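Working notes for the structure below.
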Amino acid sequence: MPYITRRKVRFQHCDPAAIVFYPRYFEMINSVIEDYFAEVVEVDFRAMHVERHVGVPTVSIETHFHAPSHLGDELEFSLEPTAVGTTSLTLSIRACCGDEARLSCQSTLVFVDMDSGRPIPWPDAMRQRLVSELA
Amino acid sequence: MPYITRRKVRFQHCDPAAIVFYPRYFEMINSVIEDYFAEVVEVDFRAMHVERHVGVPTVSIETHFHAPSHLGDELEFSLEPTAVGTTSLTLSIRACCGDEARLSCQSTLVFVDMDSGRPIPWPDAMRQRLVSELA
Amino acid sequence: MPYITRRKVRFQHCDPAAIVFYPRYFEMINSVIEDYFAEVVEVDFRAMHVERHVGVPTVSIETHFHAPSHLGDELEFSLEPTAVGTTSLTLSIRACCGDEARLSCQSTLVFVDMDSGRPIPWPDAMRQRLVSELA
Amino acid sequence: MPYITRRKVRFQHCDPAAIVFYPRYFEMINSVIEDYFAEVVEVDFRAMHVERHVGVPTVSIETHFHAPSHLGDELEFSLEPTAVGTTSLTLSIRACCGDEARLSCQSTLVFVDMDSGRPIPWPDAMRQRLVSELA
């Protein structure tokens, strides 16, 4: 079952054509991943970055934009993990508005010790959570 | 009674000190004004910009930042109109986290015909709504 | 010969780890494409969006982040077209800092009539320019 | 003599009316302050934030937007300090496009130890630089 959350297309997301400027989609995607970690993995970004000095930087992201999103649209984002490596995580993310697909995205991120900048293995509790959520 | 809405301090809002980078506060402030127009004035930004070719550009904004906001903070924004002119509107906006004031802001915007770029009088329905909400 | 331009990693691009937050890279990438159209294709975004009501929305973008970029880094971006279709354009974009690769990206965009939202063929002059620049 | 630097109005700065969305002006303003510190005060933000764990957060900012800026405009920003306190600095910043004033802004920032979050006195070298630049 994918994780589902919603985002409204706001004025700040829109370009001179009154459609979402695609770098703003990546802010939305990051906020969806942020909520997924807080709500499903149960380790939020504040705990990671401020308390534990770890993070989940993105190493690759491939995105297809199927149709433009307009000011005021309500987007439904769905996210599910598709692969969990020793230090990495691949996520499949989609956004639609009603029946219309707007974007689909595959993102790979890595669990990193922010002090050294090096990948480190997922802690057992996080890993088990992620594996149990695999598509 | 001021209009109240909440915003979470997300990763995308934070600077290298893990506190809100102040230009991101202005995105939040704009989104609060956007919700106020949609929910209280009952004319949303899509109706204004896309359908009617009108807008509410900001002509001046004065902001005091009382204390930093950190990643993960839940901010409560309150907004109320303090003056309604023929074509203008002055808003008082505050944000706090629990008991702590984070920012206070006075913003003046103008109702504008986006085709000509010129201020035009508030339509009666919008004006009455705004006047009835005066602090 | 790829088109070359530089961008400095500014405070506004950086996250709580003092490295570039990846959505900000897409703003940089878009600004590099913007300069490429203005300087090489010789049709700038103002002429496209405001005067001709055409645009070049991105339909897909695949990006690999090879190493983090830090506050103050000077990035060298290189861009070259790798395919020119009837209505589409594929660009290969790279960024490095000194000898170190930071990102590589393949982006496909489409020439669109912004009034109808539909792809239209590249005008001959733009097409010839793009074809002459193919990698 | 005020410090002068230029910024181009890019696609990423513009809203559905193809004019600068005002939160983007604050990113420009911050980048102008960043360049001022690097070039005139001769202490850049990387040295401050990463090496010394100090920063210059904004405590208040008052801005007047005199006329809209359009996609493609070349803005000339001028900045000069108007007051140097023990721990604070007030800057007057203006932007124009050709002969037309676009914004004027008064910003007060404070020199802060980022570990404690507390204001600390300007180091002598920075203070002398700032005082010598007073309007």
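Read from first to last, the chains carry the letters A, B, C and D; within each, the first residue is number 1.
By definition in this document, a residue touches a chain if its C-beta (ideal position, glycine included) is under 8 Å from a C-beta of that chain, and two chains touch if they have at least 3 such contacts.
The model shown is predicted, which means the values in this text are computed figures rather than measured ones.
Participant: Same residues or different residues where chain B meets chain C? The copies count as same if more than half of the interface numbers are shared.
Facilitator: Chain B and chain C contact each other through largely matching residue numbers.
Participant: Could you compare the number of C-beta pairs in contact for A-B with that for A-D and name the larger?
Facilitator: It is A-B, judged by the count of C-beta pairs in contact.
Participant: Tell me the angle, as a multiple of 5 degrees, of the rotation that maps chain C onto chain D over the C-alpha atoms.
Facilitator: In short, 180 degrees.
Participant: If every chain is reduced to the average of its C-alpha atoms, which one ends up farthest from chain D?
Facilitator: Chain centre farthest from chain D's centre: A.
Participant: How many angstrom lie between the CA centroids of chain A and chain B, rounded to a whole number?
Facilitator: 28
Participant: Centroid of chain A to centroid of chain D, CA atoms only: how many Å?
Facilitator: 33
Participant: Give me the residue numbers in chain A that touch at least two other chains, ranges are fine.
Facilitator: Residues 11-12, 16-18, 21, 23, 27, 30, 49-50, 71 of chain A each touch two or more of the other chains.
Participant: Spell out the residues on chain A that touch chain B in their complex, using ranges where they run on.
Facilitator: Where chain A meets chain B, its residues are 10-12, 18, 27, 30-31, 34, 44-46, 49-50, 70-72.
Participant: Spell out the residues on chain D that touch chain B in their complex, using ranges where they run on.
Facilitator: Counting only chain D, the residues touching chain B are 16-17, 19, 21-24, 26-27, 30, 49-50, 55, 57-65, 68, 114, 117.
Participant: Quick check: in the complex, which residue numbers of chain D touch chain A?
Facilitator: 11-12, 14-18, 21, 23, 71
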